[in-house]
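We just call them A, B, C, D and E in the order they show up, numbering each chain from 1.
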Amino acid sequence: MKTLHSHLEDHFEELELVIGWEIGFEPLRATPAFVRRREDLARLVWNPLCAPNLSVYLPQILKSAEKTEKKVAVCLKGCDTRSLTALIQEGFVDRERLHVIGLPCPGTVDPQALAQARKNRAPVTQVSFQDNLLILHSYEGTEEIPLDSVLARRCRRCRQPNPLLADVVLGDPVPARCDAPSFAHVEAVDSLPLEERRAYWERELDRCLRCYACRNACPLCVCRDRCLAESRTPKWTTQRDSVRDKFLFHMIHALHLAGRCTECGECERVCPVGIPVALFKEKMAQIALDLWDYQAGVDPAATPPLQTFDPSETGI
Amino acid sequence: MRIGVFVCQCGTNIASTVDTGAVAQRALDYPDVVFATDYMYTCSEPGQQEIQKAIAEHRLQGVVVAACSPRMHEATFRRAVEKAGLNRYMFEMANIREHVSWIGQDKGANTLKAMELVRMAVEKLRRNEPLFASEVPINKRVLVIGGGVAGIQAALDCADAGLDVVLVEREQSIGGKMAKLDKTFPTIDCSSCILGPKMVDVAQKENITLHAYSEVEAVSGYIGNFTVKIRKKATYVDWDACTGCGLCMEKCPSKKTVDRFNENLGTTSAIQIPFPQAIPKKARIQKDACRYFATGKCKVCQKICPTNAIHYDMEDREVVEEVGAIIVATGYDLFDPAPYGEYGAGRYPDVITGIQFERILSASGPFGGHVKRPSDGKEPKDIVFVACVGSRDKSVDRPYCSGICCMYIAKQAILARDHLPGVQCYVFYMDIRSPGKNYDEFVRRAIEEYGVQYIRGRVGKIYPRGDRMVVQGADTLLGAQVEVEADLVVLATGVESSRGAKELAEKLRISYDQYGFYMESHPKLRPVETNTAGVYLAGACQGPKDIPASVAQGSAAASKVLALFARDTIATDPQVAGVLESVCIGCGKCLSVCPFGAIQWKTLRDGSRKAEVLETVCQGCGLCNATCPPKAIQLKHFTDDQILAELDALCA
Amino acid sequence: MKRTVAYYPGCSLEGLAEEYDRSTRAVCRALGLELVEIPDWNCCGSTPAHGYTPLLSAALAGRNLALAEDAGLDVVMTPCPGCLKALKGSLEKYREDPACFQDALGRSFDGRVRVVSILQLLLERIGPEALAQAVRHPLTGANVVPYYGCLLTRPASFAQFDDPENPVSMDRILEAIGCTVPDFPFKTECCGATYGVTRNPIVTGLTGRILDMAVRVGAAAVAVACPLCQQNLDLRQQQVEKANHRSFRLPVLYITQLVGLALGLAPEDLGLDKLFVSPESLLSRIDQASDTADSLSNAG
Amino acid sequence: MEKAVFLPDTELHEALAALSADAQVWVPAGDASKPDLVRFQRYRPGLSVRLDARSLVSAKEVLFPRSEALLRFVKEKDLSVPAGHRLHVDDTRTVPPAVVFGCRPCDARGFLTFDRVFLQGPYRDPYYAERREKTTFVSLVCRDADGACFCSAVGSGPADPQGSDAQLIALPDGYVLRAITQRGAALVEKIGRGPTAEQIQAARDMLDQAGREMVGEGSLTAMDAAFRARFQDAAFWHGHIDKCLSCGLCTFVCPTCYCFTITDEARGLSGERIRSWDACMFPHFTLEASGHNPRPSKVERYRNRVGHKFSYFVSKYGQVACCGCGRCIRHCPVSVDIRAVVRDLPVQEEVHA
Amino acid sequence: MDEKNDKQLRIVGFLCNWCSYGGADTAGVCRFKQPPLLRIIRIPCTGRMDPLFVVKALAQGADGVLVSGCHPKDCHYAVGNFYARRRLELVKRFLPFVGLDPRRFHYTWVSASEGQRWQQVVSEFSAVIQELGPNPGFGQDAVTENAPQAVSSQGGAGDTERCISPRSL
């Protein structure tokens, strides 16, 4: 990705830290990279495997690092910039201290979908990308898989592939996969009869380990280390591994994101037991749209709907 | 924790449909309950002593009383347990009267419900903590809104007691409706003779600051420390310079201005002093009638004013007053009879309202006290009074009785006879309401001495015949339809809430009923207080009433303020929010939702910022508690754990 | 509101008040309102039916509404206040107890239909401005007083149209067609209704008062919207004159006849010939006024 | 190969049914709605048994449930007693025998760490002990290590018998099941049929080949000194751990993480004392009553996680508290690789400044 | 709840102290009869209502949840009910998504003088709850944690149930 490296090389003097992605423990896995030295810039990559939303680190990084004249560079995909906008809206991130590298995003890969799409099972030794094709090399030969067939769910309903706010945008804009907000998956669950819906969620949440990966991966979960779901005073949930307590934790998460969630889908990506927890937040986004015609993380100056009111609104 | 449960029988109010003995027995099974009994009248003196005795004897640390509504006796019992050495917040009430015994006959279901309400109260009490009120200095100044007789009385009483008073009156002069009256019932005192001196007192007392022709713009703060923004509307006359000589009124060319003080009966000049005894006796230019404002020329008044007090470029001004208590005495308005198309009010000049007839009777009225017909100025030989116009009538949404019309009809009939000995008065009425002292005797005098003809029935139609009016109505005692020809018809219009009452209520955060009359804290026990601490009511703004009652309420409200200001400080309600700093993440959501600005930032040594509650400003609404994601901020006495405890007591 | 309306003439409009029916149809046709007469309609039961049992009156009137519903029409118009009260009364009865109503009726009924008077139809469906534009011969120079009678707008909970004590709907229509409408206090006084035959003095007394007041306020004609009122004021005007030893000679026309005249319809289509008191005095006054108006306009 | 039997693929379900007659059999099984999500579930006919796949959460849940009631208590009101109530405690429980069939060697080996702490420590945990004695582990020789596995690097291996009572060796048409321990032998008798010589030979070859295979390069077993030396190097830890989200996933899926918390969950007069999984990565793990937290941020917490497994446990018990299953790497939301951290410990020059 | 005999249904009421609690008192003072299902929890203002209370109550098996406060613009704390009505409408529309019956949750505005209307609110809502019957709640705790076996409720994926896994969408 010549342009990312060349851009960073030119600006490295003004930067104190660059947050991007690098190859992880296996070629098919990208992992966040915190580069502080020039020679490590080469490790950075940008391709459809770079799924993690790096805006989740910004509040903590900016809080612990003292304010110097140098900036913190961060690579953000289209949906990631919506999370950053929401953080700016609520005052958790000081925009001036960031050098935002906006990356128009063709969509990220869903590892489970990729595993199923692959024909041979030998470990992949090398991955390359060529306009919407993944080329996997392994000792059993190479394999070409179209990106569209292994897209993550969040990307299939993405309407914000291009960065909302950025200091520089590397790469030309990508057409959005949906123009209007699409809640097909939410409506699919809504179409179930009430009892069946409850049974569905009870079955899904039964698998929950309560490991809180979904909470900690969420850029807008700002309580960091003081979450209500673990609190004993006040005590809303018990430590039991019961479906109801896990349900209450997910309700706390959903209600705290009502009118704030930017639908980046990280919570669902990181869930080890594959529970579609993002559906809770997408339902909240749908309600916020219906009730107040509000989309989170679009306008930095807007106030989240539950943080304000309108005396003249009727119907509710 | 050692808890005592006291189940009140409230005579038969509770005992009749709730087995209080069983409730007390069942309470012994609840956690931490070490003593439980039921009692005939727990709120009575002996009842409270029972509680105090039990606290000592059983070393109780918390008390639950299952009786009436906490809105009724929570304060009583808190004082009782406090006397016995308990903190007054280690006390909970279960409302088993208004919410249980009085609303259901099924004794079994009621008893079960009572047991569960006691269970909820016990579970909440187990999580209560002692709370201690903090003291806040009181700003011993009082604001009176409304300069009618009630407001004047309240202001004078407070001023006599040495308080600083700020009186705000929306009209150009104080005096309210009473200033428009000629005489008052039942003594036929001349209204301005008894009101005038009080108005002069208001002007002369140094510790009364009068803001006439001004309106309250915004109210913030809380009991003991209100901040009130007052908008002083532009009068285009510098009231410091104006001496009230009235020269400008004589010379003002636009004489055809509708005289609102005389209820649109006469005309006056664009620059006007409403009535001779006006306080402050200062002129005011009515902008829409003034030629200068219309055409840019004229300026007659500016030229001839001896103290050149006229300033056409005058703007509204805003004044801020800091006060400790507010007395609302904004009075009432009279019903506009237009909805009664069949009476022809507004179509026929000789069909007038009671207040208009009062102006006609008044020496400072449009006809100088001579009773004449507005149409042709002739002296009427027959006058018909129609009672209950806009009162006791659901079809115009005024089902209530206005209380004063029967009396002022009788008065006006007597006065009419005084002015014109030959006049014959008729009164169409449904029932005569004359409850006050010497009231009914007064009406009897009107009938017996002044020959007023009372016809019991409503009026169906009023229409002209020749130059006279025909009043067609029923006479239910004769059982026939009657027609009365009259030269003048007076519609006794009823009382309604004053224009703008609702908007002011929202500024003061007091509630009002569907007709716009302000809600007193308790109709019988606390008629002059509101649910907002530090805001009191006086006069007709709280409901239709006559002058004696309004004056009495003026004094009552003043005495409430004096009681409040008797102490230098006031104990604040400790049911306020508190922040657990280790849990606060400094997200600022609580600051942005707090309606009272009671939360501010606090920077710790390590530079991190946390929310901090100003206990004196916090009103205890709990918005911050509901908004805080990690629940770092908790509203004392209504914490999450306490509410969850009550919830868990009900369902697994 | 669609342009087609179910039309329920009622018995009196086929008999005594035939001219009310004819003028109503003519006016509606001229104003583009399509009246669909309810097929096989029956008498609404009027006063005798509910004298016997309210359910009978409800069922009788209800059948017409059910037929209107079958014809897919959601608004039923009836010029006669008596039928108006009967039809509205049946809807009320239906809402109180649908099951009992339907078995009294002997068929299903879902009560969607709305019942309106001719005044309500003209005002709500056409409206005063459109009516004024449609006028070809404004009845300028004619002082006409509106006489509502005591049933048309009462009881308020039933009629749900205009002010029961001080109605103004007919005033608006008369103003729209160019009449000057003096202030007429007796517009809702009772005319004696059905006592004309049994106790005639009541009618001559009450109707006399009304006609006297009409003359007193300078009316050249009286507009009515109720066959019974028209009968007492027009048909019995001679009896009233004899009883009161006075001569009124006051034409009493149906509001629809006046509107018809204003729309330029031929007098025959409006049934003016059926009136007892000849409307000549009114017509001449109108023609005279319109001539001067014509001369003024083409001169101007 | 002392006692061994042959289990054809076709008779697998039959054998499992036989075993579940008198014990609860836990097998790795896929979810109907999520075929690639393999978890240990109790065997029942019709379950899609997936011996070919690695389970997401280790078999740890069988012996160490996510939350279990240690005891139930009831307060009986009695005003004559000073406390006002009498406490009744009841910790009776029935633990049926269990068989973990088809786990990987690393899963079984994980319990060696548990045993050191729960059984051989100063205090013997009765709950764990009772389940441990009643559970038989049948591990399958591992043929499908992936990029995250590193069992050899911690002294284990794809055919490591330690911790297993019996071993399954996959052949093209079935499995040779060989007993390792007494309990394994008892189990082997119940199922399968006599193996043919070729099958024994093929099994033995497979065993040797797997034994020799090295999964994961290098050795991470002697890193305790290197860890202590690296302890103060903040840049090192920030370099590796800045990307960590400090969630509890790595500890919950790890076969050797045994930390737990005990809480009372009471309502009114009755309640339970619950033992439930806790994670050193959680904030409350070391939060003190005063509000002070010796490990305030994720860097200290992850350093402790590495130190615990590769330094403190080694110096105290002489064995690494890690069985190299790679789950913490495979499922980490941001793919933190513990091997990379541990391998970098001894490296002197500045790494990831 | 040990006293919960089979038929007795319960509605948890969250009433604002200044208006609706007063309205309930007025209804009591005027002896307006009401069914005995409602149990009232007094809160200072509907602004104090965290939507999580509603979800937790319904999940725990409360048969009905009723929230009532001052009419908008009439709140004792000026804006409490403005925030509340947004949160309550949001949770009302969210409940069905997770399988909790929205008809079991009702919020309304009743002032201290509207005793009659309070009777009507309570009677109508109680009738709805009577008709809906007992609330199964969410995640009726299966016999998981005290069973010695490890993995929680063996509900597992039965073969017949119809599954919506997002990937299949």
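In the analysis below, a residue touches a chain if its C-beta (ideal position, glycine included) is under 8 Å from a C-beta of that chain, and two chains touch if they have at least 3 such contacts.
Please read these numbers as outputs of a predicted model, since none were measured by experiment.
If you take subunit C and subunit E together, the chains in touch with both are B. Chains that touch both subunit C and subunit D: B. Every chain gets a centre from its CA atoms, and the centre nearest the mean of all protein CA atoms is that of E. When each chain is reduced to the average of its Cα atoms, C sits farthest from subunit D.
Using the average of C-alpha coordinates as each chain's centre, C ends up farthest from subunit A. Centre-to-centre separation of subunit B and subunit E, using mean CA positions: 36 Å. Distance between chain centres (mean CA atoms), subunit B to subunit C: 50 Å. Per-chain CA centroids place subunit A at a distance of 30 Å from subunit D. Between the CA-based centres of subunit A and subunit B the separation comes to 56 Å, rounded to the whole angstrom. Residue positions 50, 56, 60, 73, 79, 83, 87, 137, 145, 152, 157, 161, 163, 165 of subunit E each touch two or more of the other chains. Residues of subunit D in contact with at least two other chains: 31, 33-34, 39, 65-67, 274. Looking at the complex, you find that subunit B touches subunit D at residues 2, 28-34, 123, 582, 648-649, 652.
Within the complex, the subunit B residues that touch subunit C are 340-342, 344, 347, 395, 460-465, 470.
Those residues of subunit A whose C-beta lies close enough to touch subunit D in the complex are 24-26, 29-34, 36-37, 40, 52, 56-57, 61, 64, 112, 115-116, 121, 123, 203, 207, 209-213, 215-217, 225-226, 230, 232, 238-242, 266, 269-270, 272-274. Contact residues of subunit A toward subunit B in the complex are 90-92, 222-224, 226-228, 231, 233-236, 256, 303, 306-308. Contact residues on subunit B toward subunit A in their complex (touch as defined above): 583, 585, 587-589, 592-593, 627, 629-632, 634, 639-641, 644.
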